[in-house]
Structure formats: structure tokens, C-alpha cells
Amino acid sequence: MLSYIIRRLLLMVVTLFGVSIAIFLLLRIVPGNIADILFDSAGLIDPAEKKKIVADLGLDLPLPMQYAQWIGGLLRGDLGFSYVSEKPVIDEILPRIPITARLAGFAMLFSITMGVPLGVISAVRQNSGTDYGLRILSLSGLSLPSFWLGLLILMAFVHYSGTIPIYDRNASGWNWWMLQLIPAAAVGFRSAALIMRLTRSSMLEVLRQDYVRTARSKGLSDGAVTYDHALRNAVLPVITVIGVEAAFLMGGLIVTETVFNIPGVARFLVEAIRWRDYPMVQNLVMFIAFVVVTVNLLVDLAYMLVDPRIRYGS
Amino acid sequence: MKTGFWNDVAYLARRYPLGVAGAIIMTVFVLAAIFAGTVAPLDPFTTNPKASLAKPGGTYLMGADMMGRDVFSRMIHGARISLAVSIGATFLGSGLGAALGLASGYIGGMFDLLVQRVAEIMQSLPLLVMALVITASLGPSLPNTIIAIAIPLIPNVARVIRSNVLSLREMPFVEAAKATGMSEFRIAVVHVLPNTLAPLIVLATAQLGSTILTEASLSFLGLGVPEPWPSWGRMLSESAAEYVRTAPWLVIFPGLAISLIVFGTNLLGDALRDALDPRQRD
Amino acid sequence: MAPVLEVSNLSTVFHTRRGLVRAVQNVSFSVNAGETLAIVGESGCGKTITALSLLRLIPMPPGEIVSGSVKVDGTDLLKLSDAEMRRARGKQIAMIFQEPMTALNPLLTIGRQIAEMVTLHDGLGRKAARDRAVEMLNHVKIPEPERRAREYPHQMSGGMRQRAMIAMALACKPKVLVADEPTTALDVTIQAQILDLIGDLRREFGTAVVLITHDLGVVAETANRVVVMYAGRKVEEAPVGEVFANPKHPYMTGLMSSIPRVASARGLTGVDATARLTEIPGIVPPLINLPPGCAFSPRCTRSEAQCTTTLPELELKAPDHLAACWRA
Amino acid sequence: MGRRATSIAIACLLAISTAATGAFAQKSGGLLRVTHRDNPPSASIHEEATISTDMPFMAVFNNLVVFEYGARQNRLEQIAPDLATSWALSNEDRTLTFQLRDGVKWHDGKPFTSADVKCTWDTVTGKVDGKMRKNPHKTWWFNIKEITVNGPREVVFHLKEPQPSLLVMLAGGFSPVYPCHVTAAQMRTAPIGTGPFKFAEFKQNESIKLVRNPDYWKPGRPYLDGIEYTIIPNRSTAILAQQAGKFDLSLTGEIPPELVKEIQAAVPEMQCLVQPSNTQGNLLVNRERPPFDDARVRRAMALAIDRKAFSDILSRGVYNIGGAMLAPPEGLWGWSPEYMAAIPGYGADVEKSREEGRKIMRELGYGPDKMMPLKVSTRNVASYRDASVILIDHLKTVFIQAELEPLDSSVWYARLLKKDYSVGMNVQGTGIDDPDVMFFENYLCGSERNYTSYCNPELEKLFHQQSQMKDQDARRKIVWEIDRRLQEDGARPVVFQSQGGTCWWPQVKGLKLAVNSIYNHWRFEDVWLDR
């Protein structure tokens, strides 16, 4: 167990190292740098001034040196300064993390609390009207563009209640909860649909298993069979998907944060890419990659915890 | 022979009614895309100041956009773009992924290790971020959008195919082929590849819908297929969304089209999965 | 002595898209306390469906028990409400399955799975149920039962798992035990141990055992009576000695001739032990649209015109020996 | 019809402002909540040329002089004191002397002196390296020879030639006085000024916050406790949020005219003004690259353009049609309608012009069966793309089959600079409605923003001539002539002059917008909230 975790942690380091090289190079393949963007925003180019900025920011250094500078700083905990705001990157990123984390957390919570029970219901009532209804609901969850959904939600709110559920850092009480849950539902709708589908098919698979028949032969009630014996087994693949979704969720977060105007890391990242704000993008992507691999590790550990076959190694 | 085929079709239709619905939806869109030139009543690019934001009905079946271009005609031509993006990206991504997965699973060793690491690295970069960076570096155009959406698909496909290949390698018929002295490459292509096709098709169909959604998201963020090409994502984002009160048709029709075609691919994908991949069958 | 289990005219069908599958048709048999009845036949002939029908574990839909009765101590299980039936399962009638690996829930400890049974039916508390589980494991001769109770199925060998399965099935001392191919998935040496265990417990608890198997060797060693099934119907029934000594139905004859061990092991007559091993040509027909006559006739070497047109009734062909064959 | 919408809005505005000044009931306090469209590239007004920086940060500063607040148009005749209490011209109008206000303090407590003024203009003229990253308005100050101080309260601008318009440029929002003792880097992130509001917070992509300067030199001002800009990149979200009452005011010029109508239909009490947003759509033709080195091709292209169609499609006819200078009635320097009607390509009969264009193209060997292929490059931004799409549509009428090439913003200007394009569609902003700003920035031989390298020494003489003129009416005649020749030469055909809307709830009082610029009225010292 311990050696497994150590092995995984080592692999994590390798992956993150790969990510750092990938994002570093990717950014520099993209045409234009911060100097171009700054001049674009001012509507002119004076080659001399541009050259000066490039030199000031060290963008004329050879790539390996730039990379070494970045990674060296990162290892020392120094993330450098944003090219755009000229403030320390850490000060820009840190306050935004809780905002996105909350949104992602609520979204995940929403998708699990909606997806798993509905998936179970759908499976238990296979081929009934309820099942068909729920399957169509989950398929539409996978079919609606999330920003479209978000826009429709905004529009409906303004139209019917005269309020707009966009981010408001001064919100409190009931209002705060609304402002958290509405975007979370918009972004979590897709994951909920996915989890529901997966729970359903996994549940159907499990319900066909011999041990479910055994459980029924023992005289257990349908409820006990479904929730105590079957569901426990059925959620295993769902857990893995939650891990995979963590990376996918990021994409949904970007558009949802845009629609609901939430100042989180996801939208910020897109802006930073647009501005070619290398220190910002590089460190943000590293952070996101770190979260993704950590979530994957945690998911695998959770899997081990739930599944004794893996825990004791067979 | 022919009656046998139709019997099979009839059986499949009864067995997977939702899949048939999906297939019909897809067929309608594909036909619209192929015959866009004949089906569309108006030129999708011609602007007309007098028709700006015209209401649906009459000449403009689904209304006109701000530029006075016919929404219906643009939707039909948009089917071309959306299908080109989704089919192109899925083919490209699944093809490369399958090749990589096959090679990785079959060659094994250092190569496999390397491919796995790279796949892991790609999977820990958020998909939309990769697509954003790629479109930004290649510039917005139809082929570039396809590439940008295809690349993030690769690792997932590669992984599935790889694990498939690993289990196939142990299969008796592969052992048997080895015993007859067949070359490794030939075994890979003749015996292993066809057996990975079923999961590949299932996976690819599942991706079809999500590629359309990714294109729509990219368009929403100002990337994706550029004007004047009428991609649905482009049509319902940006300026269209702003006129939602006076001209809701600008947002509703393309949004419905996207939802419907993705819905169709999902229905079809489910049915294909059931039919082709018994292990995942409901 | 009145039989503990009395099954009469049991018929089970499946409604499928291709048509009605008559999986079990008019099957009747009875078992006394402490006795073993074996149901034999090739796979696909309706044995397992019969077993599942006894516990009403047929998935409904598409399955349906259309007629008959399953009486345990005079109570017809088929007439019970769902809740009453659940109380009967495990308490009145329990079942063990063919594949001990998949029949046990991989995520629950053995102890918990046994304890669950006794908590449910005997209303024992947590601690008491746990003690009972350990006791039962001890009973089925699992060494270190305390430790094993805390283990998961995958940590045990196949034989051990089947013992645990038996412990679970017998934990509430059911009157009837249905064992569906309990040894098929096990090594030969383990098979004998398990069969002995079932035999011992049967005697000890006075349980009536219905043993489903295709292995005539097993039948010969453990059963008191034998029911032979083909294509969903009972085609022959007799005490074990009688059936081996004097098989009436060509299907039974065919089965016996494909297994030399039976003959040689028991030294029974009627089968030439030295004869070449013969297999019954053909396969069990699909149970949709069965021909009007004897379902075995297409494979039967002794088939004649009547066999293909008219269904033979079960008749006493010898004392206490029923068979359904025109040629017997 | 667009004209009418504008004039109604103006009438509305005047009504409010008279009501506001009439009743002496200004209330103090309150936070003014404003929407913002994007993240300002920095907080330093001198380094930026966008409303994104100008509007939120103008209230942090003071100028030497300002345009009279509440005047209908920003013009030379209506300039008021700010940090300068008075000014005088001498030495044949080549010396401009300012007397500076006493007792003014920077937000960090340091006193404001003439050195700060000298410092600011020495930096923007490039005389001193102030460590600014960029200097987009450098061309405005071409005429300044030297700046000297005469004690802490007097500063003197020495000019090369007389230039009345210099005051106009000094009065604009882009000409704040910077503190000498604060670094350029800090001015970009946390600026220090003398203005009515102090900089409080700038969260990237999130919000900008200003708070009341209690020590403001103008007694009793400002009324507001603070101003908060919330950055909402999605325009539909921003508009919905304002309609829902989350914001009092929108970023100026950001709401398309068509949407202003929509908003006012939905919320009748919302006050809106549609006015020129000081940007214009230009057709850029690379006159060095064949076949566009042929003046006939350029002329045919110019003849294909239906300016009214652009205005109708992009704004339901609200956009102005004119030359380089902003058209009347909002603009001071644009052609009168009668003058314009006689200019080729501006006539009412577009079909006639296009027929002429087709004739030219036929002579060059093109026709319906042999269209000239072309790539129209533009920035991948909605306003640029929409205009390009219309342009492409119009070019078809003169046998040109064009294809759109959208370019990432970072690539766009680099391509322009390298002249790596054939035909481009550009949308260009101008800070102040003044010919000096327009001509010297965009049409001077060798100027950085002269993307098409149009160079006409004869016309350049006229640039200087009009710049030195004192009589503004006589000057206008020359400006019209220059503009006409620019358009006839196809230097950079102006396709439309954009307008944009600004909306605010009626509780926002004392907001007075001039109609010929969006950049110069955001000091907010007279604005108050009636809540």
C-alpha cells in the first residue's frame, strides 16, 4: 500500500514535469507575446518600445534559460510576476482558487447527488416509462451546450424574477446559496447526466451478477439488495469517472464562469492565455494539472478503500 | 440476401428504437449538409440591410440575423461545418489515438511507457485549455479547429485501444497466429486491429457529440470556426446572444440544432455500444 | 413420512422478443427430510430455471411462473405475497450456487454476508449474528473461522468460498436446500469434500436437498432419487440405484454412456464399461417452437414415427420408475 | 431615424441636467456601480488608448485644463480650468503659460507642483525615459519644443509652431497630470493622482474600485463615496445585470444602438445616450502589393462600398457616414451633408457608383465569370469581423470574390506593420474630435499608425496650415478639403463611424456627456446618487 502510494507520487512528479515542459513550449509556439498584445491594446507598434519590453521581461533569453528560471523559481515557491498586472502571480491566483474550488465542489456534489440516485432508479425500473424519461433527461444533459443552458437560466431569472444570479462577492445568506448553486447546477448538469448514465449501466451490470441473486435468495428486501449489495458494487466505476471528470469539469467551468461572471481561476486562465501572460498561464496550468493528478490519486485511493480486492491485492 | 439484410435492419430497429431515432436525426442532418446548396433557400453569406433581424416566417423561415442573412439557410450550411468539425475531429483523434494505442500495446516496453506518460500528461491538461492554445497558435480556421479538437481526444482513445490490445494479445487466436510464424506486424494488423474496431467505433460515436459541443464552446469564447462560416456554435454565441430579447430565434434555432444533433449522436452511440460491445451492454 | 418439498406441475416461461420460451413444463417431484433429490440433464434443459423457480428468483419480467405449486411443509410458496416469500427464502428454502467466486458479494466480508442472513430471519443482534456466522464457518470445517469471517471472498480459495456459501445457506437451518451445480467450478478433490459436507449437514439438520447437476458421478455418490430433465420437461424419475441400473429413457442412457466413470465406479450393469465413450449427437433444442412430438426425437437413435408427432406421457415403466418415452 | 434616436436622447439628457442643477439637492454618499467590458491593460492612462483604462481611472487624476462639464460638445471655445487656474498665449502664440492651483496634494500627501507637469510632458514627449511601456499619444505632442517651470506654480509650454489645438488635447481625458515621484510601474498598477477619487483596488478581470478623496481640492466634491467597476466580458450578461438593478451605469459606448432600444423597451425608466464612440471602420488597402498598386482597382473597391448599408446593418442607420473627421451634428469637423453628397462614393445612388466600379473592373479584364480573388484580413473580433463580412458582400458587386482571413489580435498589428496583407478591415479609435489628432496620428508620412503608408507631401502642408489657424471656421474649410482629398485618394476609405450607447438608472444624477467624445467626461466629481 505504502509503496504503491510512493510509486504513484513519483509518477505524479514525472507527469507534472512533463506538463511543465508541454505548457512552456505550447505557449511559445503560439504567435505573439505580451509585447504584441500590449501594443495591440494601444493600437500601435513602435518596434523600439516593443523590443524594450521583450528585453525587460527576459523574453529574448534562450528558451532553456527561460524554462530554468521559471522552474527554479517554482521550486523555491517563487511564481514570479504577472506580465499584465505586474503583481506577484501568487497574489493573483490564491484569492481565485476558493471561488473556483467552491463552484467545482458544488457542481460535483450536485452531479453526484442527482446522478447516482436517478441512475439507480433508472436501472431498477429498467425499460419502464420512468427509465425512458430519465434516460432522455440524461442524454439531453449531455447534449445541451452548457453556456447556452447558462444563458437561458440567466434570461429566465431576469425575465421572471427580475434578479440575475451572477457572482456578487457581497452576497450573503439565502442569496449566497443561490449564487453558488445555480451556476453549480449549470456546470454540473453534464456531469450529473454522465454519472447517471454510468450508474445506470453499472447498476444493470451489477444487478445481473450472481451475488445479487444470492442476496435475493437470502430473503433480503429489494431495497436492501439494491442499496446494500448492488449499489456498493455499482459505484466503483462511477468513482473512476469522477476522477476523469475532474479534468473535464475545467472546460465547463471556463464557460460557466464566463456566463455567470465568476472571477475564478478558470476564466482567468483563458484571459491569461489571451494576454500571453506566460508566468500566469504556466503556473495556473501547473496548479490545475496538480489538482487533476491529485484528484486522480485520491480517486484511486478511494477506490482501494472501497474495493477490498484491490486493497489486499490479488 | 437482400431480404436477410432488411430483416436484420428490421430486427435492429425493433431492438434499438432509440438508436433508430438517433440514426434518423443524423441522416437528416447529414443529408442537409450534403445538399446544403440545393436545400437552403437563400445564400447564407448575402447580407441585406432591409432584412436585419427579420422575424421568422415568409422568406425567412427561421428569421434573419443582424446582418440580414437567412438563419435557415445558415443553419443548413452550418450543418456542414458542424459535421465537418465533429466527424473530422473524431476521425483524426480516434485514428491517431488508435494507431498510438495499437502500437503502444503491441510494441510495449519503453515505447509503451513513453506513450502512457505522454497520454497522462495530456490528460492532466484541461481539454479546453489545450484547444484554446492550439487554436491560438494555429489561427482560427476550419482545419485548425478540427486539429485543436482532435488532439485532446487522442489519449483517451489510445488508452482504451491499448488495454484492448493487451488483452487481445493473450487470446488463443493470436497465440495460434504466432505459432504459424506470422510476422508481428501482420498479426497486429490482421488479427488484433479488426478486433479493436468495435470498441473504437463505440468510443468514436460517443465522441462525435462532444466534439460539436467543444466547437460551440470554443466559438463562445471567440475562437472556433471563424465568420463568415455559419457554424452553429458561432451563430448562437457572441452577438446573437445579445439580441435574445428582440430576436430570440437567433439563439433558439442554432441551440436546438446543436442539442438535437448531439442528442442524435448520443442515441446512436448508445445503440451502437449495445450492439457492438456486449460487455458494456445495458 | 410426508415430503418436506412437494413440487407439482411447475411451469415457467420467458416472454422474449423472439417468442415464448417454455423453460420448465409441468415438472413435479417431492423430497423428504434428510433426503437428496438430484435433477440431471445437459445445460439448457431447464434444471437451473427449475431451481430458481422454487425460490421464485426468476426475473419477472421476462420470466413468469405460469402454473403449479411449490409446497414446503404444506405451504405453497407460489401463493405467498412478496413479503412472505422473502421471509421464506433462507429460512424455509435456501440455495447455493454454481460459481462461488461470483455468488458472493466481493465488497462484503464473509462474516457479514452470513450474519446478514441470521439477522434478517432470526432477528439476532449484531454480536450474536456474528457469533453465529463464526459458528457456521466452523460447522462447514473452515479453519480459523474467526479470522476467515473478517476476510473477503477474493481472499479465499474456491472450495473455501463454497463452504462459506453453504454456511450461509444453512445458517437459518432451512427445511429445503437447493444446490445448483455446487461443485462444477471446483477441483475434483475439493468436489468430493463439498459433497460430503452437504451430505453430513443434510443428515445433521434433516434438510431436504435438491441437487442440480449434470454430473452423473455426483448423482451416483450423493442422491437418493433422480429426476432427469430434457427440454424443460421431466423425462424420467426413479431412485438412484434403479435409474442407473435400468435407465428407461434413451436420453438417460445416452448421458450414462458418455460418462464411463459412473459405470466403472459403481460397477453398475446396463452400461458396458468397456464400451467406447459415446456422446449424444446434436444439442438441446432451443425452447422456442418445440416440435409437437418428443423433444428428444431428433437426437434419439431409437426414434420412430410416433416420437415426432405425439408427446409421450410420463408413465410408470417399472415400480417407482417414471419415464416419458414411447420406446421405453 | 438614428439621428432622431440620438436627438431624443440628447433632449432627455438636457432635461435631466437642468433638473439636476436646478434643484440644489445633491446628496452625498453612495457607491456608484458601473459595468466594465474587459480587463484594462493597465491603470496608466498615458500608456493606453482605450476607454477600458480611460473611463475608470480618469477620476483619479486632474488635467491642466478640462472641457467645460455639461457642454454639448468638447471644443476649444469651452475649456475650463483644472489644475491650471489660468493660461495665456504669448510669443506669437508659440508660448503657452499656465498658472497652477495652490494647495493641491497628491493622494499620497505629497504637494503638487509645476515639476510634476514638466515631468509628465517630458515623459510623454519622449524627452525623458519615464519607464513607460508604451506611449500611444506621442504624436499629439509633436509640436512641443520644451517645457520649463517658473517656480512651483507656473509652467510654460514652448511650441515649435502656433497650435491652438494643443489646449484641446490637454483638456482631454488622456492628458492627466502624473506625479513625478511615483514610478511608471506603480502608475500602471496602483496609480496616484490629485483627482476626486483615490485608487483603492484593481483586481485583474474582476473589479476596479475607487474611493472618495476626502482632501480633494474642490470643496464639497465629490459626492460619491466610491465607484466600483465590475468586469463582465460577456455583453449580454452585463446588460441583463444592469437591467436587474445590479449596476447603475454601463461602460460608455459599449451598448450597440439596437440593444439600447431593446433595453429601453424592457425598462422604460432607464436613461440611455447613443453617441459616436470615436471609432471608425477603415478599409486598408496595401498599395504596394499588386494589383492594388493600380489606383483603378482601389477606386473600383471604394465605389463598391455602400456606406448606408453598413450603417443600416450594423446599427439600424445610427452610425454616422462621413470622412476621416466625425460627421455633424455630433462632430465639429465633419463635412456638411451638402458638401459630402458631391464626393464620389458618398452619393445617394450606390448602384451608379457600382456600375462605374464594374466598368473599371471590366476594363481590367474581370467580369462575372472571372472574379478577382482576394483575402480580406481582419482582427478576429466581432466588430471587425461583422464589418468585413459586409465588405466582402459589397466587393462581390464589382467582381471581387473575397475571403475572410481572421487574425488573432496579437498577429494583426504585426501584420499591418510588416504590410503583410492585401486588404484589411480595421476599426480605429481617435481620442479627441480634433483634426490635429486625426491627421498627424494617421496620415502623416511615416507615422506609426499610417498603416497604408499613404504619403502626400502636398496634403501634409495643409495639415500644418490648419493646425496653426486660430479662426476655427476658416480652419474647418481646410479640414473639409483635406478630408475630401484623403477620401478621393482612397488613402484609407472610411466606411462608417460607430456609435455606442451608455445607459444609467435615473438615480444617477449629474451625469453630463458631451456628444463628440466618449473619453473626456469621467471625472465623476459632480455625479451623485439619489437613493
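Read from first to last, the chains carry the letters A, B, C and D; within each, the first residue is number 1.
Convention: contacts are C-beta pairs under 8 Å (C-beta built on N, C-alpha and C of every residue); 3 or more make two chains touch, one makes a residue touch a chain.
None of these values were measured; they are calculated from a predicted model.
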Joint neighbours of chain C and chain A, given as chain labels: none
Innermost chain, taking as reference the mean of every protein Cα atom displayed: A
Relative to chain B, chain with the most remote C-alpha centre: C
Whole-Å gap separating chain A and chain B, where each centre is the average of the chain's CA atoms: 22
Intercentroid distance (Cα basis), chain C paired with chain B, Å: 52
Gap in Å, rounded to a whole number, between the CA centres of chain D and chain C: 91
Centre distance in Å when chain A and chain D are each reduced to the mean of their C-alpha atoms: 41
Shared-contact residues (touching 2 or more other chains) in chain C: none
Shared-contact residues (touching 2 or more other chains) in chain B: 136, 139, 241, 244
Multi-partner residues of chain A (at least 2 other chains): 31, 151, 155, 258, 274
Full enumeration of touching chain pairs: A-B, A-C, A-D, B-D
For the chain A and chain D complex, residues of the former touching the latter: 31-33, 36-47, 49, 52-53, 82, 84-87, 92, 95, 151, 154-155, 157-158, 162-164, 166, 168, 258-261, 263, 267-268, 271, 274, 276
Chain B contact footprint on chain A (complex, rising order): 11, 14-16, 18-19, 22-23, 26-27, 29-31, 126, 135, 139-140, 142-148, 151, 155, 200-201, 204, 244, 247-248, 250-251, 254-255, 258, 269-270, 273-274, 285, 288-289, 292-293, 296
Partner chain A, residues of chain B touching it in the complex: 18, 117-118, 120-130, 132-134, 136-137, 139, 209-210, 213-214, 216-217, 220-221, 233, 236-237, 241, 244, 251, 255, 258-260, 262-263, 266-267, 270, 280, 282
In the complex, chain B residues that touch chain D: 45-47, 49-50, 52-53, 66-68, 136, 139-140, 222, 226-228, 238-239, 241-246
Of all residues in chain D, those that touch chain A in their complex: 39, 41-42, 47-50, 133-136, 185, 188-189, 202-207, 230-234, 236-237, 240-241, 243-246, 408-414, 416-417, 428-429, 448-449
